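Please go over the structures that come below.
Here come two complexes built around chain A, the first alongside chain B, the second alongside chain C.
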Partner chain A sequence: MTIQRSVFEAFRVASTELGMCSAAWLFTREVAAAGGDALVRELQETLGLEYAALHAVTERWLGGTTKPAISTGEVVRACAGAANVAVVGVEADWLDALVPLLGDAKVTLLTSPLVPVDWERLAANFGGRVATLDMSAVQQLAGARSVLLTFCYGTRGDQTWVDPLWMRVSGGDVRTQFRSIVGWEVLGTAMQVYPRWLTETSADDFAELVS
Partner chain B sequence: MASLVLVAILVGTVVLQAVRPAYRLTVVLGGAALSCLAAALFGVGTTRAIFADVPWDVLVLLVGLGFLTELFVATRVFGVVAAKVTRLSRGGPKRIFLLFTLVMYVASSLVNNLTALLLVLPILLILFKLLGVGKKYLAWTLGVLLVACNLGGAATPIGDFPALLLLGRGVMTFTDYLMTAAPPTLVALAVLVGWTLLKVRPERELVRDPLTTRLSLAVMAALYRRVRLDWRRFLPAVGWLVAMLVAWLVVPPSSGVGPELVCWLGVGAALLSSPKVGENIIRTRVDVEAALFLLALFVMVAAVRQSGLFAAAGQGLAALPIPAVVQLVLFLLAAGVLTGLFSAGPSMAALLDVAEALATRLPPAAVYVGLALSVCAGSSLFLTAATSGPMAQILTERAQLTDEQGERVRFGFFEFLPVGLVAFAIIQTVAVGYALVLVVTRG
Partner chain C sequence: MPPHHSRAAPGALARILDRSRIDALLAPWLPDAADRAFVVRCVLDEGPAHHRGANYVLLALLGQLLEKSAAGAAPAEEPRVPVPLHLPPHLREQVKHGTFPLGFPARVLDRLAPRGSAEQAAMVDCVTDGPPQHALANAAMLCVLDALLSAQVPK
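Presenting the complex of A and B:
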């Protein structure tokens, strides 16, 4: 069994629909189940060179970590008391863990027609707890009890990497409209190859960068 | 002269809207207004008289069943079923082809086939994106899926517009249509599926990679990991649909409670069972395009009818020096080809008057079910013959599918054509053959 070209396309779809990190863990898990560490290593040396997050996850897998460490304590604290939590980007595994812990806060996924995702289906996975709103209307969610949250990958010093969608929302004017801007580090390790599908930004963009 | 002008307006409008689909509604509404003007100037009839001839009950059925479909959409039933079907298919190309075809046939027989397609097709396209597809496999799978939509729509009196028109006109009862039309649609579907699997064998071009299949199924499971059926909305909606079906089956037309009133009451009650969603559906989900398109067609056809042309065509057909059965065969073949060229709405609305003339000399079921099946055959001939075709093309283009080598795979008019020709030949043959059987058994 080897990594065929069709796996590349499958990962592209999965990373768009589930999030880069969630897709990386899912692929690594399934590839390991199908062909063991040897196939995971092949995945790292082929698809992993294209997707830095996948490369990092396979590296952790080969180092003995077989599931992501999803820690919600800090992010729940950062969102405590918020009436609105607006989320930019998707990370299915992390949202699954976080949403039930947000109490009465209204959770909204900011959508974009530029990203080919079935947002309604994505929201349907949360049993009515998550709403969707076009990104251009983000100001509707602004306020003193609103938090803007996105996922960060491979934070290193004051550098971090985010979903390119974040760049359409972030900015000095938006920062002042929310109680806080929160970045949630989900990869948990530095990336060793160039993250071409992510966008570099400063960790200073975030009032809180939690992990 | 009046007839010629009115027919010219009708045909010109139908051709123009097909050539310029971006201005479809403007064209048909303009054509309807011109028909009314011509009818008034030639003394054929006033606009009030033409509007009195419009089958409003069919529009009530169309809009009402559209509402019910939207209520089912809100229950997420389509996504849940499609996800289950994906799991059942285990990523096998033949099983995907068979199961999705069957789902579309059943869904289209109960709800608006365009909505059903809009909800099921994106799931199938994601699966194709994950697995990778070949040109032939994509063309035949999506092509047969579209034909299954047409056949499902023709199988029941509430599945699609041509059958609704028969039901609304009262020329066939709900039960009679269902019992007569469903079996031949199943036969046609079985033959088409059999032909595809045994003769075309589109899955042969695919190079299956067990790892990609495994990953694709895992991703699909993750995408639908917590999508659940909304039972609170689903059960009342199904309950009212069943009640409507029972009423359609048992309430006699002589009671004055027609199928359109059953639909109105049943759908109203179903929407009331989820009042907030129901109100939202009524306010925002009326298929204005379909309703206005059909209204405009009905107006143009009514104007032609008032000129006496359809009656003359019916008499002309009856006067042909050939047996009535041969007239029926010619009529059905013409209906199929005309539908392929002009789509189901205009063909059915115009041909029904001629069918009524034939039904006075032949068993009505043979004429009407034969006509519905021929219209179904025509709808399956070209990708552009039914609304669902261009919609499937747009969705597939957006999905940017690729094959195993990463090459773009397309689904358009010419890719569909081989499927359309085979489907047309099969359904049209079944239509003619079945009509002849009915002539013999019910004559």
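Presenting the complex of A and C:
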């Protein structure tokens, strides 16, 4: 058995709609079910070279970890008391775990025409609990009880990697309009190949970097 | 050629900025830890290095004065002057929580100009305008100065 080319195209779509890490775990799980570790290794040595998060997830799988450790304790604490939680980027598995724990906070997914995804359909997966807003209007969500949150990948020392959209909203003006700037490390391991679809930034950009 | 005067190197700045010290200083005015973290970040972690360093030096020294006095924060019912978030004009009315959690007691400026006067309004504009690292450091210093003055020079 070998991985069909269509899987590569499907991963590109899935990583956009589910997030790099969530899609990586989904595809690794399904590929393993179809062809075991040998096929996972093939996935790693083909598509994994293009998607660093997928490479890292397959590495963890081959090391014996068969599901992500999604811990919400620190991020819920970082968002405690917030009236608004504005989210940049998507990680479906992590948002599925977090959103029900945010109480009365309004959760808004910041959208961008730069990302070819049906944002409304994506938000609909959360049963009306997640609103959408074009990220150019992010300041509408500003306030002393507002949190700006994104997902971080492979944090290593003072380096981390984020969805490039983060760079569109993390300017010096916006930083002081939100009570907290939160990065949520979702990959949980360093990336071994160049993360070409992510952007490097400093961990110091975040008031809190939680995992 | 070396620069004609020294600059605050990032490493040196990182060593002098004791966030816990400013966090503790602000606790009487900002009992909520998340609110304090927001203000401390704006004062010590945002904006140009020389401003952040200056904010730390001035607040830390004012904190030493406060420790040596019997002064305390103004009563909660004392009117406070809010510090607005630095938002674009069209959003100022729209954003619900549009002020920083730290304001300063209005009474401290009563020492310089009558409440409600154009002069005091101008003072308020001066200390609350500008980038957050300025406006919030001003508010924090006015909180401490109010406490010190109220203990030593009752109005």
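Quick note on the criterion: the second predicted complex is superposed on the first by the 211 of 211 C-alpha atoms of A that agree within 3 Å, B and C clash if a C-alpha of one lies under 4 Å from a C-alpha of the other, contacts with A are read in each partner's own complex, and residues count from 1 in each chain.
We take it that a contact is a pair of C-beta atoms (placed from the backbone, for glycine too) under 8 Å apart; a residue touches a chain by one contact, two chains touch by 3 or more.
Just so it is clear, the structure is predicted and the values come from calculations on it, not from any experiment.
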Chain B and chain C placed together on chain A: clash or fit? fit
| query | Does chain B (first) or chain C (second) touch A:177, or do both, or does neither? | reply | second
- Item | First (chain B), second (chain C), both or neither touched by A:3 | first
**OP:** Look at A:17 in the shared chain and tell me whether it touches chain B only, chain C only, both, or neither; answer first, second, both or neither.
**Re:** first
Distance floor for C-alpha atoms, chain B against chain C, superposed on A, in Å, equals 21
Note: in the complex, chain A contacts chain B through residues 1-11, 13-14, 17-18, 22-23, 26-27, 30-31, 33-35, 39, 92, 96, 116, 118, 121, 124-127
Note: in the complex, chain C contacts chain A through residues 32, 34-35, 37-38, 41-42, 45-47, 85-88, 91, 94-101, 131-133
In their shared complex, chain A is touched by residues of chain B numbered 76, 79, 122, 126, 129-132, 209-212, 214-216, 218-219, 222-228, 398-399, 402, 404-406
So, in the complex, the side of chain A touching chain C is made of residues 80-81, 83, 139-140, 142-146, 172-173, 175-177, 179-180, 204, 207
